[in-house]
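Worksheet for the structure shown next.
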Amino acid sequence: MEPRVIRKVVDELCADKSTSEISFRTNFNSPMPSVKELIEAVSLLRSALLPGYFGTADQEPVDQHFYIGSVLEKASKKLKQQVLSGYCFFCETPQQCESCAHKSSGVMEKFVQTLPTIRHLLATDAMAAYEGDPAARSAGEAIFCYPSIKALVNHRIAHELYKLGVPLIPRIISELAHSETGIDIHPGAQIGERFFMDHGTGIVIGETSVIGKNVRLYQGVTLGAKSFPLDANGKPIKGIARHPIVEDDVIIYAGATILGRITIGKGAVVGGNKWVTDPVPAGNKVV
Amino acid sequence: MEPRVIRKVVDELCADKSTSEISFRTNFNSPMPSVKELIEAVSLLRSALLPGYFGTADQEPVDQHFYIGSVLEKASKKLKQQVLSGYCFFCETPQQCESCAHKSSGVMEKFVQTLPTIRHLLATDAMAAYEGDPAARSAGEAIFCYPSIKALVNHRIAHELYKLGVPLIPRIISELAHSETGIDIHPGAQIGERFFMDHGTGIVIGETSVIGKNVRLYQGVTLGAKSFPLDANGKPIKGIARHPIVEDDVIIYAGATILGRITIGKGAVVGGNKWVTDPVPAGNKVV
Amino acid sequence: MEPRVIRKVVDELCADKSTSEISFRTNFNSPMPSVKELIEAVSLLRSALLPGYFGTADQEPVDQHFYIGSVLEKASKKLKQQVLSGYCFFCETPQQCESCAHKSSGVMEKFVQTLPTIRHLLATDAMAAYEGDPAARSAGEAIFCYPSIKALVNHRIAHELYKLGVPLIPRIISELAHSETGIDIHPGAQIGERFFMDHGTGIVIGETSVIGKNVRLYQGVTLGAKSFPLDANGKPIKGIARHPIVEDDVIIYAGATILGRITIGKGAVVGGNKWVTDPVPAGNKVV
Amino acid sequence: MEPRVIRKVVDELCADKSTSEISFRTNFNSPMPSVKELIEAVSLLRSALLPGYFGTADQEPVDQHFYIGSVLEKASKKLKQQVLSGYCFFCETPQQCESCAHKSSGVMEKFVQTLPTIRHLLATDAMAAYEGDPAARSAGEAIFCYPSIKALVNHRIAHELYKLGVPLIPRIISELAHSETGIDIHPGAQIGERFFMDHGTGIVIGETSVIGKNVRLYQGVTLGAKSFPLDANGKPIKGIARHPIVEDDVIIYAGATILGRITIGKGAVVGGNKWVTDPVPAGNKVV
Amino acid sequence: MEPRVIRKVVDELCADKSTSEISFRTNFNSPMPSVKELIEAVSLLRSALLPGYFGTADQEPVDQHFYIGSVLEKASKKLKQQVLSGYCFFCETPQQCESCAHKSSGVMEKFVQTLPTIRHLLATDAMAAYEGDPAARSAGEAIFCYPSIKALVNHRIAHELYKLGVPLIPRIISELAHSETGIDIHPGAQIGERFFMDHGTGIVIGETSVIGKNVRLYQGVTLGAKSFPLDANGKPIKGIARHPIVEDDVIIYAGATILGRITIGKGAVVGGNKWVTDPVPAGNKVV
Amino acid sequence: MEPRVIRKVVDELCADKSTSEISFRTNFNSPMPSVKELIEAVSLLRSALLPGYFGTADQEPVDQHFYIGSVLEKASKKLKQQVLSGYCFFCETPQQCESCAHKSSGVMEKFVQTLPTIRHLLATDAMAAYEGDPAARSAGEAIFCYPSIKALVNHRIAHELYKLGVPLIPRIISELAHSETGIDIHPGAQIGERFFMDHGTGIVIGETSVIGKNVRLYQGVTLGAKSFPLDANGKPIKGIARHPIVEDDVIIYAGATILGRITIGKGAVVGGNKWVTDPVPAGNKVV
């Protein structure tokens, strides 16, 4: 290539006119989150949550405490660093980073204490997968290779971080599972125990969704917003409850779309490809 | 983080109460399957099946026998190890592992002999992709970069292992393709030659599906079960034929859902987003 | 395994009968494109297009010129090699490779000059994502972790290469994004500024689609061909305009399918799961 | 290259005539030791022996027990596998491998119990390095970057394995340090506390050497055999004490060569480049 | 292994009695230097110093400024981090780290300005190697594969850092070359232009050595201290000039040992294996 | 760091004045040899020469032909590329590269045919190591972990390339072994069968040395040049026979230095640290 050409392109890309177009960060001097580190942190957490399935290369360790303890230490260290970079991403003043560091430490201390509960929920999810899929031979198989569990490991971690107010990082953790499974669960969504998504590809669960216990979804189901109000400047108003409430024991078949802050009552069934924008009473079938 | 906090969490995660919730394996002393090894084994098999497209870094080897032979040796060794860990995953008694080892060896010897047939089928699939997609410039292009072929390489390998009775491993191989392509084919599905899935994302093909020759599916098509019978304990009965039979020359357009053990007759066409639970006679169009 | 068995399989796989079935390349002596190298080239280009978000490990470099310049040099070198292998893949005579090399150099010189425009388009896409998703906290967040932007980085690069006549490589770049995001945009599709795909999984945008400014699609939307004419030999005729034209400010909700060379007029809205094969006048709503 | 040429070479290399020349193993069906695994095992043991200097990437772990425990588990697992392959290397009958496995387990249990003592010795070695080298600023610096300590970490590990009767593996561990430091200590050599080798390159310490406390050697010193008796077949008789005994507080300067089963008495000093084959009484200087 | 055994060993290794023996650092909360990062930093600096030989994978970059600039930025960032950890290693109070950070920045700014001079010296060293070795075909060959140049790249970098007062890091950089080449040059040694060490293995050059221009050493040469004075506590007094001064145009043959603060005069020649503790007048031969 | 500072340094390093100082190559547009590729090529060749010890991860392959064949293909491809870059390094005109490519192909075809002989020589070297070292338990142990064999694998490969006239590459292969073992054998040296170097560190064997059968050297032995004549410009005249001839059955003990084109006669013994510049008649002892 002609040196002249590449120099011209470099000059254009370094000109203020061009760089200002992508200046959407407040502070370019703090490090960006590292997707690679987050993948490793989630993978370590998964090993601590589901030992015997992940992480222990060959067989059970002699002493679980050593194994779980060291895995948790590594995971916490990595995750804390990423949580910090999440805070810094939105931090208005470069000087605030002491405050960001403080917030990160506090968050991590609370987060690790939720792990026993996360494991309990995942154990119920595995049972639900086994009981909900005639092709499954055991709940252990579901833990090891079902996209539903993969997505829920990430979601249940991301959701705890979301509740603790961590910015950006929960979303990245969700997108990692989205990319791997085709299941897009916003970290804000509240999901009860024994949740199963069969096949999973194309499922979308919005930020303010509330899902009860023992719910089953099939591929391509959307729990979405019907519309969202704009503010005076035409920008969407953030944070309004706008996604469905799905009560216990509901089944929603492939491709159904449920939109808006409506309630699908306990034990209801929504048929495949249905378009639902009105509440469904408990026990009803939409077919 | 306070040492006290992390120690408390470790103790909780190591307590019997918590670990017993996830004890879904019979034998935690045998190694788990390695996803990384399986990815490499499938990649090596792909190089042996489709040399000239994959695996030979630069150009044709001087002597194909050396190349194919050494690739097959490596692939067999890796796959056999994984097949063994698949058997061990469900093995009731730790002492049975000699039996598991024996089964793995027997399976591998049969499996490698199916490779020439698998290559033949993939060659017809590539032709079908080329002829079914106006955007394709050659069947070679389809082999190298179409998700349809990627999914079928994994499926046709996984299906042979499934027929030989290997547990768990075929499912993992299928999920690897599912994750990469968004196409979810259960390893039990029987698929004839010249099969093409355009775009592919969201396609689901259930365990007992039977697909003839020269069939074409578009994105988002489901070949699913309408329902599944439960046993006296409310658990699904495993192994019942419950997915569609799709005969030769059928085309099913995007988003169509075919449910239950019904037959879509030879040459039939099912339109996009259709919901089909009744048989479709040969040559008919559902639009 | 019995040596006899593996030798028999190797002989079968090396026999002309079997190898001829997969001989879809004109020239097996030129190297295949390397997916790994293409991933790195695209990743480097992304760092040059969106510095401050990708590639600069820790913080802003002292001098952007050094950083952008060296990243572009590396990216160009890698991409040129791949473009060359793309030309060789379809090159009829082995002797033509001098011509392939010449074409590759010419293409690269033109391609790098489109980068400032690509950056501008991506900046508008990020704004559109931020304004179109109540869950987004900033356009920077969208750049870093939204599948829509990920898919558009690859598409806008692939589209320029497609316009320059590069074979195979644009398609691979598109499939990389397809695999990661579930969004399948053919490199031929023309897409205007401020484009946003919410959730994204299952979106399909065909080769001859034309999309205006400020268009928003939701998951599972198809812009497809209704049918394609076959030539005298029953093979599809390549290169005919067969996908929709979507004008400025159109919104298409989840799961809608738009087929054929029809126009969706400026400001029109297409409701979820709709099946559209007729033109939609400007400002109309299909619900 | 001409296919004919490479095939001829392969045939020659696979012919019995050629392969029989290198058949120095009793059992080619057991795996060879893995140098890579041994490097990792030694590196893990070093982290457990000298935490705070090696292995803990960033800073002290919250709880040393978790860290040391998990590092030891990993190191033991890797080392046991290698010890096993060491036994198999010399195992006469392929059936003996159960016995080899049993021996490996027994050895590992004894070996790990020597680690606290090994650490103590290394701590004294570090102090000796600090006090013996005017260029050293602290004993911590010696631990982190002096070849003397590097060689002694490997030697003190290898020596314990040697004493437990492990074949081959101790030698490989010694050669790893030899390659890195130019210091060649046979694993059989007995070395007391506070040992320091300044610069180190070219030092050779033979199998049956016995070194007391507080000894200092400089580069190029040899503690070697004067000669070794041959058996009736002209082969060297193995296992005879043939190297020097060096008592406490001895200093041997650069390039000195001490040969045979002689004693260098307590506090003696041997000058540079000296050739010594007779005993040196305590307190004497050879200059 | 019995869990009881490993727990006992872990307890012993974590007991104060054992850990206190290796507590030679003032501050275990700051990160240790990373040998891996230092290797990369030196490798990057080498690419900037000797472009066309190292670092530029394939061929000359279009624009050297981009290449050198980006390599220097990366090298500086890595090296600065390591220099910081060098200061922290000896830092008395954990609070001083702001001061350490300040010192590191200052040092780096001065260090990079010495690079043009370092390149000049290395260019003269390469010419000296070419002219001093009948087996060399060009000075370029010496740059690319002679241990003499490898050791001098590291030394000339380490020496500048040593002069700037950086602790620990220069020594590690020297040990890296020592390990690779068997040449042990203390970073404090002052070495003039056109320096050549033939073969190199076993050469030792002490901290306070001063070497003029156009000096040639062969393998196994030592420039060492004759003795070093101890303080009242019996510890060596640090920092006294105790190694030889070697003037311009001197040649010292293999295995010679020069000890103490003596001067080897201009143009002198010292024969192989000589033991020299008295000054050698200019032009004299010691044989 | 101040941007101004780094820019100034970059400008200085890119200025003609500085770059011209290191312009010792004729053609900066051809790629440099890759040390990493050479390491892999030598490692592959070693696996083909000594299968059962190196390269076959776990156990013997089912069919040696597949294994050896594919290893040789890979090794040849890599080595040919490096040989090419060796020729290009000294190639006067950029246009000559067709000629360089031609030479590389010719060389490789001849080189691979020497491999059976190289294996034979290495087998005798292993026996010599076993018989010459009381600490060795088998010739297999020597093959797997003795520096002598490591150095001879590299030397015997490098020597064949040297004889075929390949520039630069043989020297790099020798330096790789030099770095790992401290043994520096110039690729030009002729070495007969059953050669053993005990310990090895510091051994130097010059370019024109000729060594007979069954010779044994100890650490620190030099076979060097006494002096070398200069041409009219004061540059050393290349290619003159200037190193010793060592006949069959000679033993040379540690640290001995033999200089000049003298002959050490059959069965002679040279004692440790001896300085020899006169011929030694057959059967004599120098002590």
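Each chain carries a letter (A, B, C, D, E and F) given by its place in the written order, and its residues are counted from 1.
Here is the rule we use: contacts are C-beta pairs under 8 Å (C-beta built on N, C-alpha and C of every residue); 3 or more make two chains touch, one makes a residue touch a chain.
Predicted model only: the values in this text are computed from it and were never measured.
**Q** Would you mind naming the chains that touch chain B and likewise touch chain F?
**A** The common neighbours are C, D.
**Q** Just to confirm, which listed pair, C-E, A-C or B-C, duplicates the contacts seen in B-F for more than half of them?
**A** Repeat of the B-F interface: C-E.
**Q** By mean C-alpha position, what chain is farthest away from chain A?
**A** F
**Q** If you tally contacting C-beta pairs, which comes out ahead, A-D or A-E? Let me know.
**A** It is A-D, judged by the count of C-beta pairs in contact.
**Q** Among the chains here, which has the CA centroid at the largest distance from chain D's centroid?
**A** Relative to chain D, the chain with the farthest C-alpha centre is C.
**Q** Centroid of chain B to centroid of chain D, CA atoms only: how many Å?
**A** 50
**Q** Just how far, in Å, is the C-alpha centre of chain B from the one of chain A?
**A** 26
**Q** Out of chain E, which residues touch more than one other chain, so two or more?
**A** Residues 1, 6-7, 10, 58, 62-63, 65-66, 69, 72-73, 182, 201-202, 220, 255, 273.
**Q** For this assembly, give the contact graph shape among line, ring, star, complete and other.
**A** Drawn as a graph, the chains match no named shape, so other.
**Q** For each chain, which other chains does it touch, given as pairs?
**A** A-B, A-C, A-D, A-E, B-C, B-D, B-F, C-E, C-F, D-E, D-F, E-F
**Q** Using the touch rule from the top, collect the residues of chain F that touch chain E in their complex.
**A** For chain F paired with chain E, touching residues are 1-2, 5-14, 18-19, 21-25, 28-33, 89-90, 167-168, 171-172, 175, 178-179, 182, 184, 186, 188, 201-202, 204, 206-207, 220, 222, 224-225, 228, 234-240, 242, 255, 257, 259, 273, 275.
**Q** Give every residue of chain B touching chain D within the complex, in rising order.
**A** 1, 3, 6-7, 10, 62-63, 66
**Q** For the complex, which residues does chain A have touching chain B?
**A** For chain A paired with chain B, touching residues are 48-54, 56-60, 64-65, 68-69, 72-73, 76, 105, 108-109, 112-113, 115-116, 119-120, 122-123, 126, 130-135, 137-141, 143-147, 180-182, 199-202, 218-220, 254-255, 272-273.
**Q** Show which residues of chain E lie in contact with chain C when the two form their complex.
**A** Contacts found on chain E: 58, 61-63, 65-67, 69-73, 77.
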